[in-house]
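Order as written gives the chain letters A, B and C; numbering starts at 1 within each chain.
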Amino acid sequence: MDTTELSALIEPKEPKKLSIISFSGDFDKLVATFTLATGAAATGYEVNIFFTFWGLDAIKEKKGRAFVGKGFLGKIFGFLMGGLHSAPVSRLNFCGISPGIFRYLMRKKNVATLEELVEAAKALEVNMYACEMAMHILGLQKSDFIHEVKDVLGVATFLDISEGGRTLFI
Amino acid sequence: MDTTELSALIEPKEPKKLSIISFSGDFDKLVATFTLATGAAATGYEVNIFFTFWGLDAIKEKKGRAFVGKGFLGKIFGFLMGGLHSAPVSRLNFCGISPGIFRYLMRKKNVATLEELVEAAKALEVNMYACEMAMHILGLQKSDFIHEVKDVLGVATFLDISEGGRTLFI
Amino acid sequence: MDTTELSALIEPKEPKKLSIISFSGDFDKLVATFTLATGAAATGYEVNIFFTFWGLDAIKEKKGRAFVGKGFLGKIFGFLMGGLHSAPVSRLNFCGISPGIFRYLMRKKNVATLEELVEAAKALEVNMYACEMAMHILGLQKSDFIHEVKDVLGVATFLDISEGGRTLFI
């Protein structure tokens, strides 16, 4: 076996693996997260998403504002954070009108909407995980999330799971 | 060929390749994007930037606010988003004064300004791509962008192009 | 040496190395940064953090608001940016009440607070670097930072240091 053969063997090393730490619950960043996730999964990537902090909004069972979470402050935060349907846009949010405009534009242009992207991610078996620590701080439990959420993990375990591919923080 | 030789052969595996998904159109994040891009390109990296959503502001032909984009809502968003010259700062924006202060500080301290960084990126042959889906939503066309934009791509193609190096989401 | 042996040799290639470009000085993103950093370091990763722009707040010697920085505008920005104790939350900041609520929730739930996470990062010998260019723009000097900051670097040097592992932009 000479060097050329070896190189050929070594070259296509990077596994088709995409991991995303979904921290932001902004509407547009969630669209980006799920577009990347479904685009990658559809072309054969193993995709892992680790939802943490505001990102947890994306996987809540209740899609609108609701007093989920334990404790008084937890419930208040839960309500203010809302769910997938109340995610704000990261810029030019205009007190909440903007996500509606985006939804309208996405529907009109036949681009998959955020809800459709989430459904596609489920269908494509994107692995979804919830961050243990953030759930603890915000008083959330596994039962508050959609049942597709595979597991509740700490950072170290997610670093293990996502090893060997690319990891993005969104 | 023994294990040591092999290791030596395998060790410096990671290709000098930096890919950036430029999502945010914030002034300071664009400075970070282009500083990383030019710094990497100048030291021999292949650099790919995939502009999407607000990041598309950075590569618009019209640098100021203009009604680019198709459709009524597209034009409104195009105007509100603006271009490279109207990018807001992600924090302490003070209704738009802050980018001016930054520009002033950067000029005064002889740090390359954002416009100069973009010019440097062109000169260093940083590969710039525009996100098809975001363009579609916002009603933008390839002709709205600077001619250095190499191609209009989907997520899957960009994942291919950026394979084997580091990818950042900014 | 046959292909199988070779593969075994090549497989666990990715070094346990995590590098973070800490750009945002938001309270919640700093919590994420230091949770990732300490979680990784505790499980044997080499961890490098490159603090730039607002992220520099996290490593300032003065934890509260202070007129650090050189020049009039530098001092104003220094005061407005503040330090670790005045970091705002990226969403639902409520004019600065929110970090206090988070601190309270974190303390109550026995989750390490941001200050404790920073101390843990020091104890775990996380490598901390400051961005030369951002310091220059904001008029900051190495003496404005905690002494654990290992070095002042440019982008190219940090890309070298962080080579071969995963890099996140937060």
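The criterion applied here is as follows: a residue touches a chain if its C-beta (ideal position, glycine included) is under 8 Å from a C-beta of that chain, and two chains touch if they have at least 3 such contacts.
Remember, it's a predicted structure, so these values are computed and weren't measured experimentally.
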Chain B onto chain C, same sequence, C-alpha superposition: rotation to the nearest 5 degrees is 120
Interface of copies chain A and chain C: same or different residues on the two sides (over or under half shared)? different
For the pair chain A and chain C, the C-alpha centroid-to-centroid distance in angstrom is 23
Within chain A, the set of residues that touch 2 or more other chains is 1, 6, 10, 13, 166, 168-169
The answer for chain B against chain A in the complex is residues 1, 6, 9-10, 13, 21, 23-26, 52-54, 73-74, 77, 80-81, 88, 133, 136-138, 154-156, 159, 163-164, 166-169
Chain C partner, complex, touching residues on chain B are 1, 3, 6, 10, 13-14, 18, 28-29, 32, 35-36, 39-40, 42-43, 45, 90-92, 101-102, 104-106, 109, 111, 166, 168-170
